[in-house]
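Order as written gives the chain letters A, B, C, D, E and F; numbering starts at 1 within each chain.
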Amino acid sequence: MMISTLLLTTAGARVPGKAAQEFSEKDPSGIAMIVIAMTVVFIALILLFLVFKYVARLYNIDARNRLRKSRPDIDFSDDEHIPGETLAAISLALHLYHEQMLGLEDAVITFKNAAKTYSPWSSKIYGLRRTPNR
Amino acid sequence: MVTSGNFWAFLSANLNHFLEYTSFGNFTIGHAVMIIVGLVLIYLAIAKEFEPMLLIPIGFGILLGNIPFWGAQNILVGDPGNMQIGINQSGSLLNYLYYGVSLGIFPPLIFLGLGAMIDFSTLISNPKLILIGAAAQLGIFGAYAAALAFGFQPGEAGAIGIIGGADGPTAIFVASKLAPGLIGAIAISAYTYMALVPVIQPPVMRLLTTNKERLIRMKPPRTVSKLEKILFPIIGMLFTCFIVPAGLPLLGMLFFGNLLKESTVTKRLADTVKGPLIDIVTILIGLTVGASMQATTFLTIATVQIFVLGAVSFLIATFGGVMFVKIMNLFLKEGNKMNPLIGNAGVSAMPDSARVSQAIGLEYDKTNHLLMHAMGPNVAGIIGSAVAAGVLLSFFF
Amino acid sequence: MMISTLLLTTAGARVPGKAAQEFSEKDPSGIAMIVIAMTVVFIALILLFLVFKYVARLYNIDARNRLRKSRPDIDFSDDEHIPGETLAAISLALHLYHEQMLGLEDAVITFKNAAKTYSPWSSKIYGLRRTPNR
Amino acid sequence: MVTSGNFWAFLSANLNHFLEYTSFGNFTIGHAVMIIVGLVLIYLAIAKEFEPMLLIPIGFGILLGNIPFWGAQNILVGDPGNMQIGINQSGSLLNYLYYGVSLGIFPPLIFLGLGAMIDFSTLISNPKLILIGAAAQLGIFGAYAAALAFGFQPGEAGAIGIIGGADGPTAIFVASKLAPGLIGAIAISAYTYMALVPVIQPPVMRLLTTNKERLIRMKPPRTVSKLEKILFPIIGMLFTCFIVPAGLPLLGMLFFGNLLKESTVTKRLADTVKGPLIDIVTILIGLTVGASMQATTFLTIATVQIFVLGAVSFLIATFGGVMFVKIMNLFLKEGNKMNPLIGNAGVSAMPDSARVSQAIGLEYDKTNHLLMHAMGPNVAGIIGSAVAAGVLLSFFF
Amino acid sequence: MMISTLLLTTAGARVPGKAAQEFSEKDPSGIAMIVIAMTVVFIALILLFLVFKYVARLYNIDARNRLRKSRPDIDFSDDEHIPGETLAAISLALHLYHEQMLGLEDAVITFKNAAKTYSPWSSKIYGLRRTPNR
Amino acid sequence: MVTSGNFWAFLSANLNHFLEYTSFGNFTIGHAVMIIVGLVLIYLAIAKEFEPMLLIPIGFGILLGNIPFWGAQNILVGDPGNMQIGINQSGSLLNYLYYGVSLGIFPPLIFLGLGAMIDFSTLISNPKLILIGAAAQLGIFGAYAAALAFGFQPGEAGAIGIIGGADGPTAIFVASKLAPGLIGAIAISAYTYMALVPVIQPPVMRLLTTNKERLIRMKPPRTVSKLEKILFPIIGMLFTCFIVPAGLPLLGMLFFGNLLKESTVTKRLADTVKGPLIDIVTILIGLTVGASMQATTFLTIATVQIFVLGAVSFLIATFGGVMFVKIMNLFLKEGNKMNPLIGNAGVSAMPDSARVSQAIGLEYDKTNHLLMHAMGPNVAGIIGSAVAAGVLLSFFF
């Protein structure tokens, strides 16, 4: 009998780069690795930090300027944190609410499943929805 | 630039040449017959709602697989005449998609989704019903013996017998391993008889039962606890796979899907496997199984024999299920006896055979609802035929 | 032109196990197969039957005991089948109801499709939702 | 343990060595240009809503594909310097995902979902409109001839011409078979001009039509029966594939998807192919086509030529569609004449070109709604360019 | 270390059919290609046109006949275009309505997203929904 | 036909022979232990809701992978005793599905969906928090050093260290490249400690902080603009991949998913990647990683060591995060100081570690909600460990 099979190579032992080989020999304790690797991780994320710190500043200045222009009667220096705190409270509330909802959802699902228990699905892949018209 | 006179000659020669590439230049009567077969399946699927989820992809697949084209015999990679059109040609779309069938990947994925759809409650509530699902597998091995008598090889006979399991993915999986050339005929035969269950089973059921038996009322099933429902797929998988490890791809995925459903903590995974995943696999398995059915391999005596054997297996399976209930009743005390009209449901062919039980039961007693009781053997039949498939694979793979 | 293709082996004729070969020679009629195979199928499902018969018994005892403890005034011996029958009736009702719903669903879908006929999908894979702002 | 002095030297040497692995150590001007191209596409997709479903994946794919890295030239399996990062390196994620493109699997799957979205009603109601979808394919073959004149190989010229089909998956499919190296440029060119349809087509339409023609009112389409809608994908597939079997992967899947939709009994399958399936494939095709666009292959004269040829093909296609309506009108009796402002819609570029018809039509008569009539040529154009793709594959594959 | 990789052949230069080769030599300008290809495209779509022209005619005759039989008092010769125009207007209305709905949908989505911002999803693939019971 | 006496002898011989094929004939104590491990994981997933989306697939996968069967050692294609059952046998279902893990395809696809779920708002609003996500990666490299001391090879040590990243897909991805044999142990260890975050982290946090520090109130985050949210994934991908190109498969997909979400014009694509796609991949990765855990490779000293090292890495990571906040506070002026109780959240283990911050914070001040602030380091930790993964791959692949 003919059986088709995808052919796969478990390509023989990969040769790690020479530098890597040498590296692990020269750094048996892993200290150098820790220093180098943490440096690289920090460089990557510090770059991101700097960009978005700058972007945020641009955005803040821009937003305040626009607001000042449109509502010159209001002082925007300090009250900026109020909407933020409100936001935090709202978020938390929504978060807790959502968790409750999950419980509720489960109840609804249970009910639905009960109703569907003997619904018309088919072992012949769920195919036939009604009895064929004889 | 060619001269004008030459140009027109060249043009007409090439247009002519192009016609050789069309289906008209490569048409045979076999293509015509197969296209009609495909159209009939699509008609039955839409007009009669016979298994539309399967017969529309299979029917359209037959049309795709029987578009005649030039160079069909060039099937190897890089072969100059291989235009990468036909399902047998390396590099064609249908050829790639068919690997899901020939490597045996699609059927277990369908079982994964199926498991997430099935409710084993009635079975758990009345475990005796499980045994009916074993008895009905007599159809599989009866048809195996008959197929041997017809001259099929043992592996082929096993694959043909599995039609009696009344379960498409199981039939395709076993055929892909034991008789790849017969996948198309076996799949079509299996789906045909599953659609014909309301025609085939009632006479057998009436013949084998007495009026008194048909009036037996069964105890309503008890409520099943969540813990039992969670234990069922775990224990079910361990016990069946320990007995028949070769059934693992089907049984493992069936029970895994069921655990995803019954655990309730993985509802979204269960929803995906019984939703988008099973849909995508259903489409691809149907389309490619259809496209694999070519005149040369499908329009043969073997196909006719497979259809005859399919009918045989369904009859034996129904016989097995009903008779087994009657035999069990000999050992059960009054009040616990089972109505043999649910025996036919052990074939699975879900949920039609359970509906047949209900319909015939109501004919004799308008208040005796057998549907719920028949759902038990119905789902047991799926497990039973996956176990039977494992037995066949153990012997012949 | 370079065309990439997945390489596949249609690995030559698989050799079925020796035992299987012998088996089909010694059992040309398939009778032995029927006996063995049906035995195995029954063993597998009888095991499942036994486990869940036992689990059910445990569960029933347990459930009754718990009920007795909490409501010692009620006799639980016989009326246990009443909720069952009710359940059956409810299930059937839900089943039939669900089938009706399917018909209804079809109607709703038809309406929705009609409305969507010229909705903004795109041959460029349904990409553009609005006319670009020239 | 190394000594402390050695340690710091070793450390700084290795940190230095690590910098060679970063993109900064492997950066070229080509990478910079390609990253800007990617950013521009993302900008257009978000700010201008030019084909966001495609240009965001393609744009981000270009970014991914042009992250410079060490060892990019080591592309073979097991090659010591192959870090499995780039799309050309065996074993990398992008390399695996790109097989869906290079093997020609993704585009037909998108056509499957597309078929399940398309409504062919207006076409069935007024079959004449089908022919406009044929006429607009002049753009494809016109651009083919122009590409030959630019010095492209015949296969490449065919793949470039298909830009005029205004159909992304078709363009990618043909390019994957006939000019794999040009997939990126062809895809971007195709999507660019599709987005620019509201800019390119109106002048051509105004130039070619008289005021009287622009005011022609067309009969409203009749209601189409369910049976006709079911027959259309079946007959459509058989007739077009019989003429051009090489178009089977695209035409077969397009009409199959449409049958899943129109049969109404396989609604859940149609929902899945036009939902999760097309979404997943769209993401992967866009991302990998984008990632395949490298400076070395994309920033070439050929790309500039392809953009020029793309514009040519859209202009010729619009010309072909509009002129064909005018020619047909010579043979149609008063009352049956068609408004040539719907001719442009034969290009497909759905649904923008149909909206252009509507917009230009309203300019001349505020009550003459051409949108519905233009939808006919619009969907016919998809069929037309898939047929044209089949012709090109027949000749050059 | 053993790394598995799918083996792929980038099968060497495919040899285009001989006819195609010859063809491009004899048709350097592409004119013959345009004529042949457009002919083929037209043949394919003309076939479709003819079939559906005929189907439509059959359907129209059939529909009118049926209508005439059921309502012999009404003249169906001319007013057939009225439902069509109505249909067109309705379609357009629905189309525009649908576009508006899309905008509305966006608003709803925005609201939902805001609510979900801190919903309990998990980097460990969104796994844990509640704090484990310690 | 055999004679009757022979027949029964033949029958019993074959039934006996069949028993050799069952799991009972191939059972070892190792199988039993692994099955118990699988059952415990399923129990924890359902009863304690420890990561059910992952532990149910993994647990059931362990059951499937430890069904004993005859011929397990025959793993090559076409090997006569290869019954295509086990995950190591060519041609078996589990073997095919496992390629998604061993080729490194599944984890990036999960990151794609994860990216479409994550909201980086708090991070953008207070970019300092990003750095905590860097500091917590100390756990990875600390565990690397510890693993070297235990005698693991450098590549293996790196893969083990990544457990401290508290991120399943990252751990599986790195292990598939650097230590394929340890994937199972590393995955289980990672998920175990992620589930135990509420147990492990609080003592460390209390130990390292003073009462005054625990009462620090942080400025509420500002509202973040849509533009900033769109720029974040683009800039984030470019900057991190430029530094560590080897992290591209994970970082690229994470940020791509986030762009699909934040662009708002590709909402349906984002919904699909965080819906059906991530579900399907989650199921397949869990099931096959589980099935790959065999007694012979899992019940080893190495596994015990990996669990010890996992605990070490989580402790060091928590230490790193908290101490880093304290150090930063030295440089921040009053009013801008950060509460070190959010330092632990840099480990990621989302969202549990952020909840731990919130819970411990409330213990000391009932009105000081730290949850939102802790979400910043939480998501930064995902980026941080993907970067760390890239560093390890650069060195050891």
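We take it that a contact is a pair of C-beta atoms (placed from the backbone, for glycine too) under 8 Å apart; a residue touches a chain by one contact, two chains touch by 3 or more.
Given the structure is predicted, the values throughout are model-derived calculations rather than measurements.
K.L.:
Where chain B and chain F touch, do the two copies share over half of their residue numbers, giving same, or under half, giving different?
P.N.:
Looking at both copies, the contact residues mostly diverge.
K.L.:
Going by the touch criterion at the top, tell me which pair is linked by more C-beta contacts: B-E or B-D.
P.N.:
Answer to which pair has more contacts is B-D.
K.L.:
Where the centres are mean C-alpha positions, what is the separation of chain C from chain E, in Å?
P.N.:
Taking the mean C-alpha position of each chain, the two centres sit 33 Å apart.
K.L.:
Starting from the mean Cα coordinates of chain D and chain E, work out the distance between those two points in Å.
P.N.:
That gives a centre separation of 13 Å.
K.L.:
Where the CA atoms of chain E average out and where those of chain F average out, how many Å apart are those spots?
P.N.:
40
K.L.:
What are the residues of chain F that contact at least two other chains?
P.N.:
In chain F, 18, 49, 52-53, 77-78, 91, 96, 99, 103, 155, 177, 243-244, 264-265, 275-276, 282, 371-372, 391, 397 touch at least two other chains.
K.L.:
When you check chain C against every other chain, which residues touch at least two of them?
P.N.:
1-9, 11-12, 14, 16-17, 23, 28-29, 31, 36, 40, 91-92, 95, 117-118, 120, 129-130
K.L.:
Help me check something: in the complex, which residues belonging to chain B touch chain F?
P.N.:
Those residues of chain B that touch chain F are 103-105, 108, 112, 177, 230, 234, 237-238, 241-246, 248-249, 252-253, 256, 259-260, 263-266, 268-269, 271-273, 275-277, 391, 393-394, 397.
K.L.:
Hey, which residues of chain A end up touching chain D in the complex?
P.N.:
9, 11-12, 14-17, 19, 23, 26-29, 31-32, 35-36, 39-40, 129
K.L.:
Enumerate the contact residues on chain C facing chain B in the complex.
P.N.:
Touching chain B from chain C are residues 3, 5-8, 14, 16-17, 20, 23-24, 28-31, 33-34, 36-38, 40-53, 55-56, 59-60, 63, 80-81, 83-85, 87-88, 91-92, 95.
K.L.:
Within the complex, which stretch of chain D touches chain A?
P.N.:
Per the touch definition, chain D meets chain A at residues 1-2, 7, 10-11, 14-15, 17-18, 77-78, 80-81, 265.
K.L.:
List the residues on chain F that touch chain B in their complex, please.
P.N.:
18, 21-24, 35, 39, 42, 45-46, 49, 52-53, 56-57, 60, 63-64, 67-70, 83-85, 91-94, 96-97, 275-276, 279-280, 282-283, 287
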